[in-house]
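In the two assemblies presented below, chain A is common to both, partnered first by chain B and then by chain C.
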Partner chain A sequence: MTSPGAPAAVTGLAIVGGGPAGMAAARLAVDHGADVTVIDEQPRVGGQILRQPPRGVEVTDWLPGAVYRNVRRTLAEIENDPSVDWRLRSSAVALLPQGNGHGVELWLDTPEGLQAVHAQTVLLAPGCHEQPLHFPGWTLPGVMGAGALQSFVKSQQLVPGRRFVLSGSHPLQLVVAEQLLRAGAEIAAVAFTQRPWAGLRLLATPMVALRAHRQLSAAAAAMWHLRAAGVPVLFGHSVVRARGEESVSAAVVAPVDADGHPDLRRAREFECDRIGVCHGFRVSSELARQAGARVAWSTRRGGWLVAHDAWYRSSVDRLHVAGEITGMAGADAALEEGRIAALGALRQIGAIDAAGAEALAGPVRRRLARLHRFADVLTRLSAPPGNLAAHLADDETLLCRCENVSVASFDRAVDDNAFIVTADAAKLLTRAGMGLCQGRLCGEQVARRLERRRGLATGAAGALHVNLPVRPVRLGAAVGDED
Partner chain B sequence: MSMRIEHNVSRPPPVQITVDGAEVEATPGEMLATALLAASRTVFWRDASGRARGPFCNMGVCFDCLVEVHAGGGQPRRVRACLTPVVAGMVVTTGAVEGP
Partner chain C sequence: MTSRHDVVIVGGGIVGCGAAFHLTRAGAKVLLVEQGDPNRRASGQNAGSMHFQLEHRLLEHGGERSAEFAQIIPLSLAAMEDWRGLEALLAADLEVVMHGGLMVAESDDDVALLEFKHAIESKWALPTSLLTGDEARRQATYLGPRVRAAGWCEHEGHANPRLVGPAYLRAALEQGLELATHTEVRGLERRGDEWHLRLATLDDAGHRVQEVTTRNVLNAAGAWMAEVARLAHLHLPVFAVPLQMNVTARSAPLIGHLVQHVSRRLSIKQVHDGNVLIGGGWPARFARDRDGGVDFAARPLPVAAHVRGNLGVAADVIPAVRELSWLRTWTGTVAVTSDQLPLLGEVPEAPGFFVAGGGSTFTLGPTCARLISRLILEGRSPLPIDLYSPARFSHINGFMASAG
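Let's turn to the complex of A and B:
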């Protein structure tokens, strides 16, 4: 396959993702004289945690919380640095390692069409996305990820509805509910799948070690504020159905047991126009997988994590990784990982010697070790019941929302084709996972449902294969026929 | 129903865009998804079975906020409304009114 469009631009270090890891890495690399290119899909850098308002929209006292302090400092240190080659509103859609020390070619889908960048070395810091579980009504307009709701508030300064129900297993939904409430929304209820004794009680417990963890203390403060405002925070419950014709008009909430089985006799309805779902996150390791990097599955830490060494080098030459794709650990950890990965990349391109890199990495590694211990507590607290989606889905529930593959039609196809034992084969057979999101939302559930149907162990169905381009590209952009 | 936050927020003067033939006020630079939600439009398109669909992830992953934008006389483009900044005079067609 040939490169798209004009000859590739040349850079030293190409960083995919302008979130905490990418920003910290860019700062450090620029300070050591490297030519740095940063690629991000948003119009401004900051990543999902700092989804910024549009330029021209001024917000007084934007994101004042302690949880944002370190990442905001890094944002201020890099955003307006003109020595960085900023490639915003652009998606990296392919990585082509050239071999024999010849660097890596990246393909970018930009508003001006497809462009190529040739980098001496690449740092992947693409972060993560929400991992929704399917349930009856989950494709109805008005059902959104909790993080999606939060981004409307943070970045767009929009309360994206009137009355909200949040449901899931991740403490982030408390923070989102509180931000919505403060912005003027009504919160009908917040439902946690976990039983109160199963760990979330920790949020209300003033344990010094946990309080020190900014994400947990933010969630604890949010819960206190929500309860003071009279918002029901229900434990051992889940939204089991979204009701409505053209968009959400109510959420049906029922108790769920530890396996995720709902008790529908005790269900009740909450009138609302939005439902936020918050079952956790999956890392965006598609580019790394497309380039052939070694990955390993971790349900708890975010899915297909990219394997790396102590300098955050992946198994592919000149492909470094940092942030959530190495294991979900939050923004503060991502900053530190970005710094170590940048030092590794600088060593690679000869911008720093081994002793210099080691000296700078020491204190970063010590801070990081502490952050990783706290992150482990958070991920243990945040996991949804393993079979929640299987218990909630009815026959018509869409397993794959892009290709409209219902749970019943998927099961029928799998039952009629006993030789299908991998997620990839099930995708080719049913089209589940083949749509525009390319399996990012449903791929894991396709594998789980197949394994359940076949009596296979979790993970036995494998991962969906990743092809380039890793995101859909307009045909006009690919053939250079843009107007 | 969605509403723009006014407290502690200053925005540039609004611009007009056209959504399914109707004039809609929007803030330049805000995302098209924001402008549509603020104009009480939650249905962005319909799937092959005619089911209403709208934004889900608000970060470019789900492609459930696809709309058509006609800009500058060129061919209309299907874009993710959550990643497309509002520009004055944008002409937008949603799939909300199409039958199955």
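Let's turn to the complex of A and C:
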């Protein structure tokens, strides 16, 4: 084991992220004789969608259902393969491309301290995270992402609370509500920002055989179960405030219009101890950005997506990407993207020739094209109203919770310093986005608020620059602990 | 934008913004041109140390050279006064803290170096004193057992570099400064007693090029001073040096002073918000492009071994930092002159062409900005600055200037 500064451990292909994309890529690369290292900060692979229970914990009936069939099969095919160098409980915190075919150095924060791995080529498949919503009270304990609530239920069959309100625009919240209900929770309400007809109109789109879309049919089935159990499912509504002293005691829910403007006179209060917010996802492109890869903004497809070519190569030499960081498209698409990216990486290190890669990629590309069409409908169906966060936040709402920057103080700084026109400059002046999460939670709102106040187009304020390490590391671990 | 000015300032760092403040305060008609966002380069990326004791980089080359570097001290003495008055002058909270600074020694050689340094400083009337290891630990309880002695200067401290440049700029704008951001100076030509500048602004509409005219140009382009001078057919021996810095997550008050090391690269302090900044001049390296070539325009890349090295020195001197979270490392580019002294004055071969910068121009920034402004406005500086004049490099402009 080596640390940064000392000569690094060497591998052929380092895969960051053991979700669907990373697992499928690892399988294919190992089958072609590559030296593969898989890095994941979780104790077990499987990624977000599987979120496996820890080894030794028995969970009966763990993730039944057709939605998970393909990813579970891939998991079974790779998880116990000893030819993979597994680096679990290890976060990739820095990527340093060496340029000109010299590969990439990765820094890993591991239980044994900071270590360096030198890879001939890297595949980044770190997936996505939930998008928060900045409404008054969003930082109260008890306000969580719906997906975070789900991972408790998935991996430990644990109900993380008593009475829940779910609010958002993504159909995932129906699935989560139903899983919570089955696990014994009370669901006070589920609020969708969309009006029902908006979704129905899309569902009628003839070009897509939506009935075949497993995720949507799972959501529809969940809705019937919830309604049958007497849970109110409200359309055209959003949570607008969380109430509570130490933690959440109630959710205020109000109708919202198509721009996200709430009608507070018609607000209702639901007593609850948990609020699950479900406005979809933002891709975890911070490592790619730290390494200097080109990204492009897409509000609908997940934020700063990493740009790539037909082989899923990023703009940085020897840096390949797959899965959600190329655009939200779901687990099945992530599997296929992982396969194409692996073929691209194998070509790069000479483990497969161009014709061989092309032949294998053909059928994968066809499956992927179909999945991308489905994904496109799903992302359109689940888009939150454009300016919801801007309408909901009040002066005291925290814009950046890590650095305690309120909306009012941010706006004042922006108004007082007219020469600031980029998100990065706003961060430097206000500290918003400078904290532990490096702007994962607030970066988007920092940019949007600045753009609104300056009359700039969405995305014009640019992405926050990402510095290494992308996750905080105990300093003693970084320098090597004294014995 | 009007096209005729008393002064056009090239560069919106602390020096450029500071000069803009002093010049507009005196009623001059000033345009400041910045190729990106103001205060986004070295002036927004530095460690914010106000260090007045002779630095490690000035001592490491031994006796005679160090004595030359001591010529910086008159400027340091002025800088102490400037910093003490800056928050009142700009009516802004800049998080200026002057609780004193320690320069620590670990080995016998270090202690000897510290004594040598102290002797030079005394000769130039810089108020420093020598502490034993125990005296230093009484003053600064967080120092570890490896500290054998320390130099002490009660005026040292730090300020927030994120705030200083913008505060100067806000005040200058109120005094009538014209500002062109995302605008690069591409050409500099002297015709008669006026300078003509070509400016290229990059905006949504694409590229706009325009010409402005001024009696005086102030080159405050930091690490890019040499490039800007070359536009005017002048050479300045200024070199761009990529540096890296580290910061920890916020934590409870631990370190109450600026701490530096006399022979190893270290500067460490805890800022207002609780973060501990760890730097000390560890080099980064220039970025590479896709083909493996060097890309000087891109942000420099951090060097792994130097992160470890820098954090390691910090942990040697202040063991408690081991328990903090290393949050980020970033890089920036600083200007270093060939003799390590700043450049401050008018270029003799090019009347009306002034330069200010080079070296630790955060510490010396307010002073450089003030003095160069007086020189431009009144033809002389209130403090003798001939030691720092670009005239000392006239020999390399013998070839160039006449062609302009």
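To be clear about the criterion, the second predicted complex is superposed on the first by the 467 of 483 C-alpha atoms of A that agree within 3 Å, B and C clash if a C-alpha of one lies under 4 Å from a C-alpha of the other, contacts with A are read in each partner's own complex, and residues count from 1 in each chain.
Following the convention adopted for this analysis, a residue touches a chain if its C-beta (ideal position, glycine included) is under 8 Å from a C-beta of that chain, and two chains touch if they have at least 3 such contacts.
If you're wondering where the values come from, they're calculated on a predicted model, not measured in any experiment.
Q: When the two structures are laid over each other on chain A, do chain B and chain C clash or fit?
A: Partners fit side by side after overlay.
Q: Report, please, how wide the angle is at the C-alpha centre of chain A between chain B and chain C, in steps of 10 degrees.
A: Roughly 90 degrees separate the directions to chain B and chain C.
Q: Go through the superposed model and pick first if A:436 touches only chain B, second if only chain C, both, or neither.
A: Both partners, chain B and chain C.
Q: For A:48, using the defined touch cut-off, is the partner it touches chain B, chain C, both, or neither? Pick first, second, both or neither.
A: Touch partner of A:48: chain B, not chain C.
Q: For A:255, using the defined touch cut-off, is the partner it touches chain B, chain C, both, or neither? Pick first, second, both or neither.
A: After superposition on chain A, A:255 lies in contact with neither partner.
Q: Is A:302 touching the first partner chain B, the second partner chain C, both, or neither of them?
A: neither
Q: Should A:474 be classified as contacting the first partner (chain B), the second (chain C), both, or neither?
A: both
Q: Looking at A:139 after the superposition, I want to know if it touches chain B, chain C, both of them or none. Which is it: first, second, both, neither?
A: first
Q: Let me test your reading of the model: by the given contact rule, A:168 touches which partner, first (chain B), second (chain C), both or neither?
A: In the superposition, A:168 touches no partner, neither chain B nor chain C.
Q: Taking the superposition as given, does A:384 touch the first partner, chain B, the second, chain C, both, or neither?
A: In the superposition, A:384 contacts neither chain B nor chain C.
Q: Is A:317 touching the first partner chain B, the second partner chain C, both, or neither of them?
A: In the superposition, A:317 contacts chain C only.
Q: Taking the superposed arrangement, what is the smallest distance in Å from a C-alpha atom of chain B to one of chain C?
A: Nearest C-alpha atoms of the two chains are 7 Å apart.
Q: Could you give the residue numbers on chain A that contact chain B in one complex and chain C in the other?
A: On chain A, the overlap between the chain B and chain C contacts is residues 435-436, 472, 474, 476.
Q: Provide the residue numbers of chain C that touch chain A in the complex, in ascending order.
A: Residue positions touching the partner: 37-40, 44, 162-163, 166, 169-170, 173, 179, 181-182, 204, 248-250, 273, 287-292, 298-299, 301-302, 304-305, 307-309, 311-312, 314-315, 321-330.
Q: In the complex formed with chain B, which residues of chain A make contact?
A: 41-43, 48, 53-61, 89, 91, 129-130, 132, 139-145, 147-149, 151-153, 156-162, 183-184, 246-247, 273, 401-402, 404, 435-437, 440-441, 472, 474, 476, 483
Q: Taking the complex as given, what residues does chain B use to touch chain A?
A: Interface residues on chain B, with respect to chain A: 1-5, 8-12, 27-31, 34, 37-38, 42-44, 47-49, 51-64, 66, 72, 74-75, 77-78, 83, 85.
Q: Using the touch definition from the top, list the residues of chain A that touch chain C in their complex.
A: So the residues of chain A in touch with chain C come to 3-5, 94, 96-102, 105, 107, 116, 292, 315-317, 403, 416-422, 424-425, 428-429, 431, 435-436, 438, 460, 465, 467-469, 472-476, 478-481.
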